[in-house]
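Same chain, two partners: chain A is paired with chain B first, then with chain C.
Moving on, here comes the complex of A and B:
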């Protein structure tokens, strides 16, 4: 028994030796990890005799257990006028840099940045400085600090003439120490002026994969604020003109246009489609006496094209309006709407535009008031002057469109213009033909920086004529019976059009990719995040 | 074979005795060299051969007429020819007038247009046809008042149809500019006169406006006026006048007045205008208002207050205002 015991003991010992070795290794690893942690995040309680104990650390998870009357200041409001005051700021830690007994932190709030100085002093201990220098980037921190004027100015911060001298620093929400992309890299200007400087850029796909981080850049902050502005101006301008906002269904029983590029969804026992445009429903609202309607909503296109300007889901701003005598009433209303929108952007979004231009430089957007209206034949003449011939019943190709944009810009210096009287042959069957010229139609396109943003027309509101035109186009009448029936009980003459929000913002800012103006873009290769 | 050393035979690359296919796409020319070899020796027709007969065509015709004077029926033939020529002339005039009326109805929206005189309006419409859509970039602080006068002065020969746009580089228009714009845009147009479409774009340009005909802008209001009076036939066209140099000189002064930055600069320029005016009614010692008066009126109205003018000039200024109304 004893022997056995011994042997057992021996084997135990042998095992325990191995185990001890393993343990030791584990412990070593753990200690290393802990050390690593210590260098990055200081979670341990500070050493004793710390003068600034209780003035820094990790704040417990805020679960709304108590309320406070403490007012947090915004970084953008910190300037010379509040110099000398003590303020609380909650912001993201943009960069941190320790140098001996000092620690410099740059706080970021949207596009505004300010420098925070943590200096070893009577009330600030060494370990507080050490803790501060270990907070990972992008963490959200609370800082209590005194605003101090900096005569020389702080380079690289938006608040140049003041800095914060910290007396308390608390981590509210910790960021993971490793970032998939650096905010500085993501916000670096596309064409840096000095060739020798860092030239690291973040790939479009990396940006989209880590959209939350990418959206934190000042440029993206500005882009989506401006996009919201476009939407707001669209709404405000139309409300002012007595338009009614309507909401149209996105699940529809039949393909609204064409049919090839439509998403099919299963709908209980059958299938349904995702709306490609609110066209039919806008027109039905007109037939239902709403006179002037607009709608803002998602539009789906199942086009398998991976270009810089196509998305499979985008936001459509659509409007439809009944008119008295001539569809130009509607066309000019839309033109004025754009002018008003551009003016609003020019006046209220100057700051955003200049931030975006720093990263993506573009010529300022120019326009005329009232907008320039050219007829299709005028445009053909302009093109013919430079040797590009476009047939009378031919549509413009994309390069021709861009060339025309350049010609118009050279002559009239406008980035926005309306092209009227498109050939009937290149328009859908419901477009009203021009009564004076059988080859032309009452339809118009609007262009921004040489790219088409809106395509609209007077629609045929007479069921018989509509049937005739549909037959002429070789369309099976039974498939569009619902559409034709909408006009059976009388309908006022009407016209309208629709724009893509993302495309308008992209072209207004002169950006090169529509994915830059769609917060979570959807294209044939991406449905995440 | 063709040398002392027989290396190898070369292929003959040029064959001289095959028939050559001449292209038929153009037109045939007489072979001037082959004529003499054909045996028809005629020195007067052959360019290469030396002409033996020194008589020129004029002499030949004279000779021919001398010989044929006594031919019976010649007078009859002559009369017939005359008649045919007359008919041809008539036909030509008819075609011209049809051409003219067609051109006008293309150009202007006039429903019916009857050409009055042939020659002058023909030139006119031909010239104005080229100016379909002109763009004028104007600084709103320097409204070109001359356009209003010139629109009235030219209304018998050409309609100046204005439309106005506000460029995004300008935030709002001063009152003077708004008034001028509304007068220009709402002016009545005569029917049956060719129309030129001018687009005014209020834009942040220099003091001197820009006229865009092609890609290079024509700078300056006076140059716009020169362009317009030459394009349209009117009494304002001064090219054929004896004092055209003087008018050009006055126009250049107007250009400088608009461009001037200091008051002293302006004063000296105004003095030269005053000198040119002298004791006469209009600038350049003329009895009728010329384009120089229109340009000077506009330049002064843009830059100087009337109080700064000398008594002589301010009287002239009031006369200018009278033609404006």
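Moving on, here comes the complex of A and C:
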């Protein structure tokens, strides 16, 4: 749900002129009730004569009442080098277990964990240990503690060399005691051979229904950091080559006849549609002299496809580029873009990749520099060698694409390659036909682990030839007049392509479902949370 | 229009199995027709005995038939340093004028222009001069020429020290001869005192109806390059501070009661809505331990506001950040973000700013480092000094905001400032009340040239307090259950805000209409092109 109030950032404020005194009084009452509740919780625990009084409990709700220069340490930085120091840490209570006069807490921060020991002592009371052992998992706590070396190592924590010996424990934000899923279960390798435990797994729908919890697993923390890296490499690589970032509208005036695969939007008294691609707008930017453009944004597909790799809304990494003589100028630029991206991931995201691999093991992603370019007919030959015949003007089926991916991998040892010169018959009307082979076109797909992640082409930039080709495809010219008109006032030859971000991340990591790489996935059956 | 075929990038190809021979034959025919057309045009001009034969004409449609290593020069690089050299340039024919045996062309590339001289000579025929003088404006041409110094300077061109003496002229892409608007007219300063000419201006709707042409003006070339810079500075500044980029869904399951200001989408057999803000999802990312997040994406507002500063779709620069003790940790981070952005623009975009100022003069944007922070009550006092009384729990009206902007500018010499501690009564239910002043809240707006460009706040992160505040606002709790639930399993205190990209660029440049900073603007009356 998004209440209109929830969406009020940056909207114009209603020019409220109402006498607002009533409001203020109500707010005061509500705020007092809240404080009261907090106080009550806090008073539940400390007792008379408690040596730890004032060293633990529930903090009042943080309302920015006061400031502090106290600096919290990050869990990842706690190791032998700070041994003996007293630190403050704010993190989640991952697990807690009481044993006699001791209580062991594992604190979690992103993918990092550390053990905290609360031990009855001169300054730590039984009540404080009892309080600590009763804090619900997933609560956020502030801990003051001494960093102590653990020569034997702490099993199961990312910080193995040290533990924290607590002197203060405060609850910053309490979690409900009943969790709809356990972070440990959601973090378990899918094919784990843990014979001890129940080996519980959390299914995809339970994860997505409780996405806030699910996203807290080390794997998910790593996946979305890596995904941000893919966007960063995409942009950096293109900006270095003087591409200009643009923003294209998602609300568009017309869909194709019948509006297949397009979502309809009520637009004031009329209707509009959600863009399936920024392509027209990228091409308009080229016709408007921006020469090289890219855009990152939401793309919508109203396809009722319930597969491991389809979403109804995904993030498109799109680019379009004018060229001088040959569309290969563009195709090879895109190829280099992928090479830079793969190198960047390999060099800068090894930590994330290894965390993800612990839960979802996968072969490391291989690639060649420069990337392998195969022509469609070469690919047909490779397939023919293993007895699979594909016609000269036929498209590959999805299983054939996967088989081809395996053949290419076996022969060239690369998980990424470019397939050039697709049959004209299987490409959209705006694709430039190959001038030398009437059955081929100036178009290409790019593949990762045998699945298509980019489709692109030289586009026809001449309005008359475009009209001919559209008619040839049986398209009603009146429905695409605006598209054709875009090329009326001179347009340089150009080519481009669109990449699905979530697919790239899924395939790079060898994951089995695109819902694992979309933070809040949308498919025909899911639009929540 | 966007035909479904036009949107086929990255979609799965239909597994076409049809015999496609018919297709190939038709394509061949169409392609022959196109070639024929090209040839015809070309044959219109060269004549028997023409000494320039093969040095000018219409190039065949560039279909990547052949490649070349010929490197084209950029117009901006043509100056005295390359005087005497022979270069190839591909650019637009900006203007053309014949005078006896000479023809003068001005070539335009983005905001750069250069004069080309085609002079009847031993190697340049009359026919070539005639052909050149007949090329329609806005056509894209390839010119081979010698760079020649012009000691007297070339008036009206960006490249004043040199001109090009042409030896070859080829039309790469022909423009229709009738243009719906002239680039010179669209480029003219709005208050120009050009007494010679007709002083024609192009109105906003004509510009937007013919956006491809309009975007070719030097001013528009500069505006959208600067806009890309704003996004870049926003990201760079936040990534440096360990913010993680996320992507939030635009299709959302529920709107507030009645769905005011929300666009409805047909979603398979049901309905969905377009997100008015990524706020819920940013907050969920915080509750999911991402700590600091940002997102750049489309934001939708179904408001029937037809003003200079409202769009129904705009680009949101949004961020959300967990803090330790006080929301000022976040507010001041956002303040620093703006300072870095303004410094970046001043240092790296002076060329663009000066081009834009030639057409739309504006005072340079001023700012303080660190930025000025005023409390709401201080602002009320400033206003009271000039006789404008605003109640303690009232919001500022738009005219009052603008007046305040002028007062602040006069007193502090800054076009940017932060207004902190807005009255609780005028802010949404999820805003954290000020713990010390029951009439105030932990919320802030930021202003550029007297107009609001960011609204933000500490959000309530406690589900019970949030429920109380929602009830107090008369909101049906069932409609926001998902929002409230997001905080059930522990959430750190956090604050954030949303920035409208187009507004930032408009106000930074002192422009008068947000349609000047949205490449393809959407408002209640316009969803084209």
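Just so it is clear, the second predicted complex is superposed on the first by the 475 of 529 C-alpha atoms of A that agree within 3 Å, B and C clash if a C-alpha of one lies under 4 Å from a C-alpha of the other, contacts with A are read in each partner's own complex, and residues count from 1 in each chain.
Keep this in mind: a contact is a pair of C-beta atoms (placed from the backbone, for glycine too) under 8 Å apart; a residue touches a chain by one contact, two chains touch by 3 or more.
Not measured: the values here are computed from a predicted model.
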item	value
Partner chain in contact with A:85 - chain B first, chain C second, else both or neither	neither
Which superposed partner A:199 touches (first chain B, second chain C, both, neither)	neither
Partner chain in contact with A:464 - chain B first, chain C second, else both or neither	second
Residues of chain A touched, compared between chain B and chain C (which is higher)	C
Touched partner set for A:456, first chain B, second chain C, both or neither	second
Chain B and chain C contact sites that coincide on chain A, given as residue numbers	none
Chain A - residues contacting chain B, complex	342-343, 346, 364-372, 378, 410-414
Chain A-touching residues of chain B, taken from the complex the two chains share	133, 135, 137, 165-169, 199, 201, 203, 212, 215
